[in-house]
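For clarity, chains are labelled A, B, C and D in written order, and residue numbers in each chain start from 1.
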């Protein structure tokens, strides 16, 4: 067995999606840790944005439960409002944004609102928060989820956060640029491929087979021609992660 | 000058009648006026439209207590625990939901309050294009950008002008002038949009303290209806320079609200079981001492001298 | 971290090419970057679209020097003296005006920059209804409010996304992080709307000074293209805590610019007659000492501690 | 001769237009002084707003040349931006606003932009600044000007700041409420009267005759039936004014 946990591999895979100098909408848990790893390795000038109105350079030194916890405010790059910070999405400045979700479909659409008919839902989820905005307006959307058949579905019942909608150019026709760039799961990484913009398996984490992954996906998952095995964490990446995750929460 | 200092009980009774639209939780995760949430429940106020992008467990409590007819929000749950159980129960396994949801994204709530604040007839935006939010919430209009030669779609957001915005600040004077620091969420837009503003101040200070730094004013006192001195009004949410987040409290609420009976017992203990917020603080007792921020990280000196 | 500290000469040469749209004077009467106005003139930059609600004599100087093709503004003159003589001359006694004016009110400029800042396709407003501004400036569209059942007219303002915003702040670090205090005018909207931001800082400080008070940041350093250390860059306009207004200087400019010859002589003396702003400050000499604010009116202490 | 100057009477007349607790857009010179007199006499809770982003209770202690001078910022009620402060007009909160002008017409329209054809003006004036916004959105507009025939004209060439437009309900049809409430000149006070909303002479300053005033007005000025003589400054009003105007600038 590898000497890293699957969560650690997910975090490091997510960190690799952030390029230096980029503006990134960072969520809590895995994404904030991924942002920290990226800053400590290949992206020392990345900037983290938070929906409540915070921009930061270095991530907070203490554990965060919410974006607005005081450690995330102390020595921030900017403490402002939701509109001035989130509008950087609509202004076209934001390179990447992380979101999670309850369901994602073959075109990368994400549901965090309703399971079942929205007028009479079977399950009422918390809703968009800023996810719809981040999905619509980031240059690249990065989605992090566990790989379960009930979560990776053929078609989400409700599009909270738009991916490629019904595929092809339907996202562009809706007036949107960008789109999902990576769906990072605990089994691999899916990316849009081809003119249809369908999510294909692009990278497979050590210890998984294509068959297992296809069995755990709710649609007929296609494989990208140049699929790779996810590169294991480098010593530098692991060192950066352990510097942040002092208590071994993700181990 | 007018003295606007009132007890929280009196301020809520006077300015939050049944059926009000109320902003509660404008700063997102921090600075949530839970003291007001509890007082609203204690007073049995009904029929509210609760407006907030994200209000952590506050909206869930109000829904569970039966105070809410409508939620205008982007996310309702419990940030630590995920789902909000009372909120879920208002929708699931029912012929029709028990409350009306005016679905939004964070940014569309921001745009709606901004439009309300600035007296704009509506706000055009793009960032909920492609989302079914514009389907489940019919208040939005989708149109074409008249300045674009392409067929560029635009979402028009109607303005929100709430009856009351209830906001927490670190310090205020007795006329409602105040200082707020930390992220602001949509608090300033909410204050400027609302018909009335109720402030919950962690500390009441002399007017010259506020006047010494007019850039730190969240909303000027002349737009404030009532100011209440309520230390730790934000508990269990955090407040920069004053209070850490009480993560265990949120966790306990999440566990106990899993069943209607559990929520009722929680409510009986923490809301109906205390006469007011001072009683709540007494009940928190030593726990509150641990949450109090005692460190020092002072802002650099700033000189406003004119000559 | 990237070091963004440059001389004003280099920053203007690198980032203000001929034909740029430039925000100069976003804070209205105070904090006008006259040092940049003069450097633009010294470098002979042409064809600018100068954007500002009110920029006191700055726009008048640029028009007189022949740097301007278009003015996007609400008021151009000399606040002490009234009319701006160069500006007048660009319109009066001519077959066609020498410059194009995109007429606005203060609020419509604010709405346009806000729309640019927030990536909005346009901004709907009401407060230039009834004014001929919507006739002399054909960029506005008048339509009906689609949310109103009445035939309620609304003005749609197209967004402004300037090439460069040039702004003065009291202090900045070498990465462009900064503090500004005093009224803000449209400075924050301009900074967020613009493709590039050039900051003129009265003082350069260590990064921890700025980081100690993130609520006082006008625009975060990551959006700043270049920061220049230029004390008294605002002269003759005022800057809270730093510089009083030089009323006599405005008066003298007003008198001397009454004729084209007088303006040319003024320009030769105060702009071309000095190599840079440091030379300008030397020339001002004792006068600058009298304008320096030496008093103390300190903001109340503010604690950002997290635990 | 009265023991007050005509400017002092204008200032005190302007002060009387401000009621207690009102939000008022205050301009420089006469209006800021009038605001100060009102605060010291009958309107101690009035609030002064300034277009550059300032709200104040007590007026600045030192002489101001511009709204943004540091003495107007020190101990302000609020230092903010143009949009948050000026939008209180459009939000419907502002009770009164003061403006001046180069020309005003019989329906209270004000020109501060162009004399002559705006495509090829004879005189180019500085423009609106915030005047158009204040005129359109204040509940009551207060105009202060010197009474000259070339300034009080039949019809302004260019409406910078709307009064009652072409009279009657034309202002309401343009989507505007409010309108000019008083035009305070150095000879008297004109107010709108009757369904046509034409500016009528409503108050005449001591030492003027109706005939003189009509001669100095560019339209056939009508007289309001209940026209009065402008009440002279009270001792209290003069004391307040002298407290502000320490150097006797307006004497």
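Here are some notes:
FYI, contacts are C-beta pairs under 8 Å (C-beta built on N, C-alpha and C of every residue); 3 or more make two chains touch, one makes a residue touch a chain.
What you are looking at is a predicted structure, and each value in this text was computed from that prediction instead of being measured.
The chain with its Cα centroid farthest from the Cα centroid of subunit A is D. Counting C-beta pairs in contact across A-C and across C-D gives the higher total for C-D. Our note on geometry: subunit A versus subunit D, Cα centroid distance of 57 Å, whole angstroms. Note: centroid distance subunit A to subunit C, computed from Cα atoms, is 40 Å. Measuring from the averaged C-alpha position of subunit A to that of subunit B gives a distance of 28 Å. With touch defined as above, residues shared between interfaces to two or more other chains in subunit C number as follows: 119-120, 125-126, 152, 154, 181-182, 188, 212, 215, 240-241, 244, 293, 297, 304-307.
Within subunit A, residues 69-70, 73-75, 79-80, 83, 87, 89-90, 137 each touch two or more of the remaining chains. If the chains shown are joined wherever they touch, the resulting network has some other arrangement, not a path, ring, star or complete graph.
Chains touching one another, given as pairs, are A-B, A-C, B-C, B-D, C-D. Of all residues in subunit A, only 50-54, 65-70, 73-75, 79-83, 86-87, 89-90, 113-114, 118, 120-133, 135-137, 158-162, 165, 171, 174-176 touch subunit B in the complex they form.
Taken together, the subunit C residues at the contact with subunit B in this complex read 119-126, 141, 143, 145-148, 152, 154, 156, 158, 179, 181-182, 205, 209-210, 212-213, 215-216, 240-241, 244, 293-307.
If you check the complex, the residues on subunit C that touch subunit D are 27-31, 53-54, 56, 73-77, 79-80, 82-84, 87-88, 90-92, 94-97, 103-108, 110-111, 114, 125-133, 135-136, 152-154, 181-189, 237-241, 244-245, 247, 250, 293, 297. In the complex of the two chains, the subunit B residues touching subunit D come out as 1-2, 116-120, 177, 188, 192-193, 208, 211-212, 214-215, 217, 219-223, 304-307. Subunit D meets subunit B in the complex at residues 23, 45, 47, 55, 57, 62, 69-71, 73-80, 83-84, 87-93, 137.
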